[in-house]
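Structures are listed in the sections that come next.
Consider the two complexes below, in which chain A is the common component and chain B and chain C are the respective partners.
Let's turn to the complex of A and B:
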């Protein structure tokens, strides 16, 4: 009658598939995300950095990356910024809690946090398209040596960075179970990601006293660390970033699991 | 062979601790520095059982504890004390095997993917519950036919009418063949056609598949049409547990009196006299409705005799009819008593 021994991962697959379908179906969001939210910031960075690097030896001292590397750094960072964006994770839970509509989802045989992880990863499949496009340009236009050792590590780093983004966002989302309005949590998440993620400036361009924070905060490993890794093709950096990203992903995973258990004890929902 | 017991609740109590808020700025500061808490029993020592094939109607006024009980039975919440076993396990453990054997419909809350076609939601549910594809197709055909869903399967959920959506929710709750179905106010907001179709389907489905159904509703018609047993709950405690017929008979001590005048309206003096007779001081728990040519009152049988005699003495040329009240009236009467602190 029923298929035996399907794992949680398999039974949560429909959530991932549906999340991807919803993004593709919502053409307005698709256009906004792919064209406005990615190309406009890139164009701005392109104009700024082309001007700063123009012929001047002083401007070259801005960074250790060449102009083309800097531009690729921004293209990747912006694409990773969209891929690893936990806004929906927070806003969906907040909405469900505020409207008292969590119960039907809690009663599925797939744990709710896993449903949301699958949702997030499913959306990630669609949002990885800009990364693949930038990667295609990066690999084929100025030919890059395909280091077979580097690539698996980098792909793993990307996947772990997504898990980190989810666990961090889910931890922030837990505020919904204690607070009435979580707008400030959303602002905190998006502002922190924009500021600490490395989309504004690579960490080495910040004042020296700020560099440790800009280099080792969790948002950095969600957004600009995979970008820096691919642009520099530095296998050693990939391993370091992978270790930090895994550490943060596990730490936020444990924290969010604890908060979820505590939150569910106090969650009441609404009656009829 | 005796039917299996699906739900066994013994002395189940659920108590909520709520942080009290005081008015004004000073109150807010005090609340932050020295919070005060109050305790409220949503359910108080509830004992009941439900067998396979049984449809149990759970009735009570708002805030009586109906939804809380559903949340305890489905494992969303944990009882403060007492023992609770659903399908042989403790629901609050929320094991995958347990969750796969229950279906739940919350009338106010959708479990479907809002922007996707109904069919996609149902297919997803099939994978989530690990149901065999051929079995799924067979069940989908059955629900399409029985609930008239053929025309809506390929429409996004957000484009459906409320009636269509609730029918889809019921199909989604049953498509994985659960042994126990919880329906929390499933017919809220539905028109009479949708309500009737749904009631008929639930009755037939429970009989055919021998599943247990627990139904809470404000619509007494749902309970009357579907349930073979009813529980009245008030302020967290069970006030009645038995057959609907017994409920009606127990409370058959109530009658509805209809005083009708032919060919004209009541005169002000006549209304005044009737009001005087039917006033709560004479029949304390009566409900009186006064119209231009009819006056009706739901009142206890023992008070009705003296009122009938008194009305006849008024010499108004009015007809007096005595009706057995429908379940709605019985409950209205008793919910009113609940509010006034009387017990059954």
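Let's turn to the complex of A and C:
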């Protein structure tokens, strides 16, 4: 009797569960990572913006957000920057290619890119904890009106932003198949995410000539768009952001699929 | 000494063997610095001073941070590789070699390519300093250089000490990522922290002052943090030595 064919979801679920379990097992690291990598950048922004909003500077308007909104914007975008971080996606593939250990993964029934997607989403479940913590403070401390139309859209935006993060990072990871050593691609990815993602400054505070780029680049929809949406509770913005995020996710998905096929044609497995 | 110079030559050879990666690395690093420059510029478009520090002072600190990171970044890949080998159970062959294991960690896999960036940036930095109307006296220049060297030692020792946790926990802690996040605080004027926090930072987290202290000396003629930072450098080096010895006793080489 032949075994029943597993659905895609059933086959890829163990990858997601494993990734989540690995992070939970290493919870000491997760906590250290959270406290240092998430709170320190927030502390920096807190010190700057608390200073800017006090005293003589307060008469100047820094866009549309108040001090508390600005601080929540940074708390959310830094937490999203940590959730939607494609570093491992690129470094794992790069390491496998460099050490010539990709083959066992290619032999499995689930296509390798989908294994990595499941893996990434599984890890994301754990890395959403910091976002939930910020969300708890945001929702309960100054009471926020619970708009039933807003929340499903926002949750969907978060999920699609994760898919976009994966497809974009996977596209960058494809460089490993051509260049072997991709250390610079990794730092390019993390820096671009921090800079274009809006973790440093919200798009509307950049000089006029940079604003279109800062408002509509793909990193922005991975990191600061969900943050801006929740801080402003703007349903219209959620819809616009959702459209842009889906567009970029599909575009990078197609591009990475094409590059994967081309890359596999030239991959020899000898390492480098 | 010859053996350790060999690390340098070996690292350079590896770097030049992958020219596209090397060029990409140079451009990426310059891009990283550009983003930080634009951020600081953006902040100073909104205000004229940050707790007494002007745009000029912060830009001098920025220049020092670029110089500092181009030195420290050469050693980062070595520390990272050491930890990866420990994590994957492949470190022993390097520990039995007739070399000081601490130097193996810090310099065996050195990638001196970022020193190339130092060579590009240093003359530009000099030019920018004079454009910013910063004309340090001899004492300020020597003090600034001294602070920069201290900063490099502090950064390398702290990153190495943090990385040692992998040898005990057998987990691949994203030390470099955490280090880089903490280093972001180097963009802030030290006065913004307040006196008490500043004292605590010198003792517990001196890495966040490593590029602002040289700027304080060169741009503002303030020397009061120079001696505490020297103390901090000695402290972090002793801490590294002790931690290294302790972790090597516990380390069983099996990987994780």
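In this section, the second predicted complex is superposed on the first by the 257 of 272 C-alpha atoms of A that agree within 3 Å, B and C clash if a C-alpha of one lies under 4 Å from a C-alpha of the other, contacts with A are read in each partner's own complex, and residues count from 1 in each chain.
Simple rule for what comes next: a contact is a pair of C-beta atoms (placed from the backbone, for glycine too) under 8 Å apart; a residue touches a chain by one contact, two chains touch by 3 or more.
Everything quoted here is computed from the prediction, not taken from an experiment.
Trainee: Look at where chain B and chain C land on chain A after superposing the complexes, then choose clash or fit.
Mentor: Chain B and chain C fit side by side in the superposed model.
Trainee: One more residue to check, A:213. First (chain B), second (chain C), both or neither?
Mentor: So A:213 meets neither chain B nor chain C here.
Trainee: Contact-wise, after the overlay, does A:28 reach chain B, chain C, both or neither (first, second, both, neither)?
Mentor: Second partner only, chain C.
Trainee: Is A:254 touching the first partner chain B, the second partner chain C, both, or neither of them?
Mentor: In the superposition, A:254 touches no partner, neither chain B nor chain C.
Trainee: Is A:105 in contact with chain B, with chain C, with both, or with neither (first, second, both, neither)?
Mentor: Only chain B is touched by A:105; chain C is not.
Trainee: Applying the document's definition of touch, where does A:14 land relative to chain B and chain C: first, second, both, or neither?
Mentor: First partner only.
Trainee: On the A-aligned overlay, A:239 touches which partner chain: chain B = first, chain C = second, or both, or neither?
Mentor: It touches nothing on chain B or chain C.
Trainee: With both complexes overlaid on chain A, does A:43 touch chain B (first), chain C (second), both or neither?
Mentor: second
Trainee: Once the shared chain is lined up, is A:139 touching chain B (first), chain C (second), both, or neither of them?
Mentor: It touches nothing on chain B or chain C.
Trainee: How many degrees apart are chain B and chain C as seen from chain A, counting from C-alpha centres and rounding to the nearest 10?
Mentor: 80
Trainee: Shortest C-alpha to C-alpha distance from chain B to chain C once the two structures are superposed, in angstrom?
Mentor: Superposition on chain A places chain B and chain C at a least C-alpha distance of 5 Å.
Trainee: From the superposed pair, tell me which chain A residues show up as contacts to chain B and also as contacts to chain C.
Mentor: After superposing on chain A, chain A residues 26 contact both chain B and chain C.
Trainee: State the interface residues of chain A toward chain B in the complex, per the touch definition above.
Mentor: 1-4, 6, 8, 10-15, 17-18, 21-22, 25-26, 100-101, 103-110, 265, 267-272
Trainee: Once bound in the complex, which stretches of chain C touch chain A?
Mentor: 18, 20-21, 24-25, 27-29, 31-32, 35, 38-39, 42-43, 45-47, 50-51, 77, 169, 171, 173-174, 177-178, 181-182, 184-185, 187-188, 192-193
Trainee: Hey, which residues of chain A end up touching chain C in the complex?
Mentor: 26, 28-29, 32-33, 36-38, 40-41, 43-44, 47-48, 51-52, 57, 60, 62, 87, 179-185, 187-188, 190-191, 194-195, 200-201, 205-207, 210
Trainee: In the complex formed with chain A, which residues of chain B make contact?
Mentor: Listed in rising order, the residues of chain B that touch chain A are 16, 62-63, 66-68, 71, 74-78, 96, 99-100, 102, 104, 106-111, 113, 115-116, 120, 123-125, 127-132, 135, 177, 184-185, 188, 216, 218.
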